[in-house]
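Look at the two complexes coming up: subunit A is in both, with subunit B in one and subunit C in the other.
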Partner chain A sequence: MSDPIKLTVDGREVTAPGGQLLIKAAEEHGTYIPRFCWHPRMKPVGMCRMCLVEVEGPRGKVLVTSCTTPVAEGMVVHTKSDVVKKAQEGVLEFLLVNHPLDCPVCDKGGECPLQDQTLSHGPGESRFVEEKRHFEKPIAISELVMLDRERCILCARCTRFSDEISGDPLIEFIDRGNHTQINTFPDEPFASYFSGNTVQICPVGALTATPYRFRARPWDLEAVESTCPQCSVGCRVSVQASQNQVLRLIGVDVDATNQGWLCDKGRFAFEHLRAPARLSTPLVRGADGELHEAGWGEALDLIASRIGAVIAERGPAAVAGLGGARSTNEEAYAFGKLLRGVLGTGNLDASLGDDPGAALLAGVPHRATIDDLERAKTILVWGPDLKEELPVLHLRVRRAATALGADVVVVHPRATGLDRDAAHVVRYRPGEGAATLQRLAAGEGDLAAVRAALDTGPVVAIVGRTGLAESADLADAVAAFALTLADAKVMPVARRGNVLGAIDMGVHPHLLPGRVAASDAAARAALAAAWGCAVAVPGRDTSGILSGMADGSIAAVLLLGCDPVADHPDRKAAAAAFDKAPFLVSLDLFLNESNRTADVVLPVDTFTEVEGTMTNLEGRVQKSNRIVPGVGASRPVVEILEDLAARLGGSIGAGAAAIAKEIALVAPAYAAVSWEALDWGRGRDGIVVAEGPFTHTPERRATDPSVGALTLHLGRVLYDGGTMITAGPSLARLAPEPAAHLHPDDASRLGFAAGDRVTVTGNAGSAAMAVAIDPTLARGTVYLPFNLGASIGNGLEVKVEK
Partner chain B sequence: MTWPDTTLARARDIIARYPEPRSAVMPLLYVAMRHDGRLTDEGMRQVAALTGMTAVQVESVASFYSMYKRHVGSHVVSVCTSISCHLLGGRDVLAAVSDATGVPAGETSADGSVTIESVECIGACGGAPAVQVDYELIEGVTPDKGAELCRWLMTAHPEVVHGDDLQTRFGGRRSFPAGPPDPVGAMGPYPAFGPLGTTGGEA
Partner chain C sequence: MSMLPGFLVTLRQIFRRKVTTQYPEQKRSKPQRFHGRHVLNRYPDGMEKCIGCELCAGVCPARCIYVRGKENPPDDPVSPGERYGFVYEINLLRCIFCGLCEEACPTEAITMTQLFEMSVTNRDDAIYTRRELLMNPDGTVPHPQPDSILVDKGELRLADGWMRATSPSGRAAYEGIIAWTPTAGVGTRPAEKGQSAESHQSSAISQKDSEREAGSGKREADHG
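Then we have the complex of A and B:
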């Protein structure tokens, strides 16, 4: 875009940035030009001709497509002339030549651009009497998406999205010409992590998503804007519900974060909300050893008396709390306040040992925002496969690489979703990260060109755990290196939705709310004054709590939406700790591996059912809103915790709104955040919280362990065995089978072929699974996706045997 | 990869001619047809793997062009029915060819030896009516000669069809006097195109 220029639209002089497309310039000045194929987040194609306007030229007025025509100085444009109207009528008459007009049974009916624009710009009658094209309708092009080719108007929005934006072009026009249709390749379904976006942008009812098909008419839906809690990108969503049931999520276009897109996990992970297995009443373990339904009073009384007894006998240090990384900030804050203030224990942690460390997450200097990717010249990604863990961040990096000219450097043990668009790809074996970093920093050998690329700033370094077997120190070391680069910012990433928010709320042994070091006595005193009760000194983190449970020094544990037995990388240690059966209370949606042994399980309200805020991986605080009630007797976490606090002689605050105000007062980094601002004011796109006061200087202290011939890469996949996935029918069937992935050289050295059944043995167990061959793996590596039902521990040492 | 090394090597040679591997998709589709005798899903997958495209992107290209054929016999006989040929009896040639093979235009004989099609102008109007066998041109074809040509294809099962030879045996008056002899023949229902390795005799 260059200097502003002047043009005339329908007799009105307007200014627009030079180079801007006419359709957009007109829209920004209040003139809406009808369109089907043009989408503001994709390149124009001029495919549908609906946006025709008249432009005056030296040889008179000509019809041009306003979506492919840039504005020019002195341009005179007519968008409503008789000629334009005639053209629009003609275009619509043609678009409807083959359209089946089955609006009454179409999910799009009522919110369909084709329907609406036919009403506003169409001819009213068609001159075509010929037989229409017929296709089998609808066909499933993936587990989630159905295609009705008769309704398709061939606008190429879906194909352009999957090619330009998501980079997995699995749908295309075939039989182009008179018989053009959208389709997939035989046996190659539209299995994209982003397929739901095509359903959202299809301007007709040709693409529909199975979870929503025939569930509602659009005019019956109520909507509220909220934040997707499924990962820490924090995409904005419109939650749409009818009759107290969430029926779909639609991406909201926020420039700074998701730019309108969602991943399919975020889009479709709402079915678990009304899953039959969801807990709807408190459960208390009876004398017979089984969990029985109970009333709230009974359950809370029991918790208060048992925890009171533990504190009286063994002191508050025998109590601990885990979780909060899936909760709202208000819930996490209430949890932290209950533990640190009311119960007096410093044993609390929201991170489950699978992230790059709370210090880096909360305290990194020069934190990058997602939008910094728009300006970055070089992007270093040394962390998880973003496509599997933080999908929409993957789209933003991809956009930087493919549309904005950034050079991406990917360092990972196997191919990631970004490799195809990366300028440099570095492979290494887990356990050789420190050596690889050293070679990279020195620009040794084949890494000289990679090192040279990193000299072009601005640099954004996305840093996290590549896998769970690798030490978290490596991420710190990578961040430390990245900060030595010219004009560099660092984005530390962890997966779970609100892990940074929970840490910021003080659900961490060493941090008080608002990124304040808990070791600082003055800060504790200030917080104690605000809370009106003493604030516990730092205690144990997750691994300390698990070992305390195992050795009996921790006697009572509260779990807030947290399943360490399934999610902790060292599942064996977690299972051993939970086997010791301390007094266990779980606030959760489902029974899971950790709370099956609980003494009390409390059903909670969750996403779409409570109001609150979430903090994404940039530190952007966004609002989550309520549109449906919880199920059965479930209650909001803050109310449950307040009732519990009252029974223990304390208080944590009455309701989430009051807690939100308290957070702004006591948490320095959150001083500027308020619900009002987020809902109505400058914070509609979220408020990025200030850095500090706690800061962490990353250190290059990682060293490589000595490992054998094979090391384990324990990576994550988008659809895994998580309860929110397995409880919803649509996503549950997408989780892949666990497999031991080997480089072909290793496979042939060991004498394995694809499909062979093998036993994989790690530091904490063995599991039987099939061999898969993956030529993209670093040699000497066994890749095993985490949380797919096979658990062998998270040590680097691994063996594969027949 | 299911292609033999020689075919893969040829494919890689073709890819090397272009700045982007995907630009080679069209010649590679002929290589795929050469390998399977027709266009198959497996062939398109192979082209996709070699060019870094997805299989459906390859199909999008392949399904646009009528010369990439999914269903085709060992030879394809294309009878021109555009204006010049039409005026000089192209329709009769087509009818005779259909009679001789027992299949209408657009279909393949029961034994799989020939596919008959009617096509638009093939650039031999001066020698109308014109016919192609595997895109090797024959001009001045009469209905009788057309039928004879088909019977020959169905009984002799030639490995290679060669334009000059076909013209001598089944053709008539040509647009232009014969040019320099063309030694390149076609080995199946795709054009004989030297750089692709589909020339007569070559593996």
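Then we have the complex of A and C:
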């Protein structure tokens, strides 16, 4: 964009930045030009011809497509002249020649741009009486998307999205002329993690989503804007519900985070909210050893008396709390206040050991925002496969690489979704990360070019756990290296929805609300004055709590929406700890591997059912809103915890709104955050909290352990065995079969072929699965998807046998 | 003596024709476009006309209609097309019998009959579901009230088509042309005549227009 340009639109003089497209310049000045194919986040194609306008030129007025014409100095544009109207009527008449007009049975009917624009700009009656073109009615092009080619107007929005934005060009035009149709390639389903976006941007009902198919019509739906909790990117969504049931999620176009896009997990995982297995009444373990339905009073009285007894007998250090990473900030704060203030224990942690560490997440200096990717010249991604863990962040990095000219450097043990668009790809074997970092920092050998690329600033380094078998120290070391680069910012990433928010709210043994070190006695005293009760000294983190449970030093545990037996990287240690069966209370949506042995399970309200705030991975606080009630007798977490606190002789605040106000008072980093500002002020963009006061200086102290011939790469996949995925019917069937992935060289050395059944043995058990051959894998590595099938632990040592 | 003229009035009335109709033994004939209870129609082959599009629910000013669609089972479709009305409920206590649902319906699935005797002893019974609304494959219509002097089930057969007596766009050129689909039990109803033909324009339509003008004038006067 260059100097502003003056032009005349419908007799009004307007100014637009040079290079801007006419259609956008007109829209920004209040003149809406009808369109189907043009989308503000994609390159123009001029396919649909709906945006024709008249532009005065040296040879008189000519019709041009305003979506492909940049503004020019002195341009005179007519968007409502008789010629333009005639052109629009003609275009619509042609678009409707083959359109089946089955609007009453079409899911798009009522919110369809083709319907709306036919009404506002169409001719009213068609002169075509000929038979329309026919195709087989909806064909399922993937598990989630249905294609009706009769309705398609060939605008190329879906094909451009798949090609330009998501980079999975699985849907394309085939045939020519009147027979042109959209379709997938033979035997290749539209298996993209982003396929739902094509449904959202389709200007007709050609692409519809299976989970929403015939569930409601647009005028049934109420909508509220909220924040997706599925990962820590924090995409803005419009939650749409009817009859107290969430029916679909639509991405909201926010510059700062998702730019209108969502991943299919975020879009369709809402199905778990009304899953039949969801808990709707409190459950209490009876004398027969089974869980029985109980009333709230009974359940809370039991918890209060049992925890009271544990504290009286063994002191508050025998009580611990885990979880909060799936909750809102208000819920996490209430959880932290209950444990630290009311119960007096410092044993609490929101992180389950699958992130790069709370210190790096909360205290990294020079934290990058997602929007910094727009300006970055070089992007270093040494962390998870973003496409699998943080899909919309993957889209933002991809946009930087393909549309904005940034050089992306990917360091990972196997191919990631970004490799195709990356300038440099570095493979390393898990367990050799520190050595690889050493070589990269020094620019040795084949890494010299990569090191040179990192000298071009601004640099954004996305760091996280590449795999769960590797130590979190490696992420710290990468962050330390990245901070030595010129003009560099660091973005530490963790997958779990609100993990940074929970840590910021003090659900961590060493941090108080608002990123204050808990070891600081003065800070604890200040917080104690605000709370009106003593604040516990730092206690144990997740691994400490698990070992405490195993050795019996922790006798009562509160779980807030967390399932360590399934989600902790070291599932064996977690299972051993839970086998010891201390007094266990779980606040959750479902029965899971951890709370099956619980003494009390309390059903809670969750996303779309409670109001609150969430903090995404860049520290951006966004509002999450309520649109439906919970199920059965479920209650909001803050109310449950307040009732529990009252029974234990304390108080944590009445309701989430009051707690939100208290957070702003006691948490320094959150002083500027309020529900009012998020709802009415810069609501859509959220508020990025300031860095500090706690800061962490990343250090390169990671060392490589000595490993054998094969090392384990334990990576995540988007559709895994998580509860949110398996509880909903649409996503549950998308989870891949677990397989042991081997490099072809390793497979031939060991004498395995693809499909062979093998036993994979790790530090915590073994599992039988099929062999898959993956030539992109670093040699000497076995890749297993985490949280799919049986766990073998998270040690680097691994054996594969027939 | 001044009471005599009064008696005279009474005496004169005794010999006049009575205006009271002995309802329900006797029933007055209703206007052709009378809006009674609804019925969900079927095609002669037994397929349901309703496709679950919810346009009736969307247009209903009393918000008394609740519809939810569902995908037609491919091997045993309930209606032509991809979707059928899986849930269909009308709260007749809330209904104002305006007939907009009929006008909105793209398939003439919902029509109104002439039957208005729908008293219930329980509010829940006034919510008609698919069981009460949907006509049987032979074209008969289930009605919750038992056969009695009050309920003339013949009136339930007067459904369908009447609201479109002229053409969808109201043009005289469509006079006498059938613009509706056949219905189970009835077949194709004949086209209605005499609504918009040029010859009738002077009598029927102009009279209507003048009535409307008079009515609106009166309302203005009331408010003025």
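Here is the rule we use: the second predicted complex is superposed on the first by the 801 of 802 C-alpha atoms of A that agree within 3 Å, B and C clash if a C-alpha of one lies under 4 Å from a C-alpha of the other, contacts with A are read in each partner's own complex, and residues count from 1 in each chain.
We take it that a contact is a pair of C-beta atoms (placed from the backbone, for glycine too) under 8 Å apart; a residue touches a chain by one contact, two chains touch by 3 or more.
Everything numeric here is computed off the predicted structure, so don't read it as measured data.
Student: Touch check for A:D220: first (subunit B), second (subunit C), both, or neither?
Tutor: second
Student: So in the superposed three-chain picture, is A:D102 touching just subunit B, just subunit C, both, or none of them (first/second/both/neither)?
Tutor: The second partner, subunit C, only.
Student: Output check: A:N183 vs subunit B and subunit C. Expected answer is one of first, second, both, neither. What do you get?
Tutor: first
Student: Go through the superposed model and pick first if A:K137 touches only subunit B, second if only subunit C, both, or neither.
Tutor: second
Student: Does the superposition put A:V129 against subunit B (first), subunit C (second), both, or neither?
Tutor: After superposition on chain A, A:V129 lies in contact with neither partner.
Student: Who does A:A287 touch here: subunit B (first), subunit C (second), both, or neither?
Tutor: So A:A287 meets neither subunit B nor subunit C here.
Student: Which holds for A:E172: it touches subunit B only (first), subunit C only (second), both, or neither?
Tutor: Touch status of A:E172: first partner only.
Student: Which subunit A residues are contacted by subunit C in one complex and by subunit B in the other?
Tutor: Touching subunit B in the first complex and subunit C in the second, no residue of subunit A appears in both lists.
Student: Along subunit A, where are the residues that touch subunit B in the complex?
Tutor: 168-177, 183-188, 420
Student: Spell out the part of subunit A that touches subunit C in their complex, as residue ranges.
Tutor: Residues in contact with subunit C: 102, 104-105, 109-110, 137-138, 213-217, 219-220.
Student: For subunit C, which residues count as touching subunit A in their complex?
Tutor: Residues in contact with subunit A: 51-55, 57-58, 68-71, 81-83, 106-107.
Student: Along subunit B, where are the residues that touch subunit A in the complex?
Tutor: Listed in rising order, the residues are 41, 44-45, 52-57, 59-60, 63-64.
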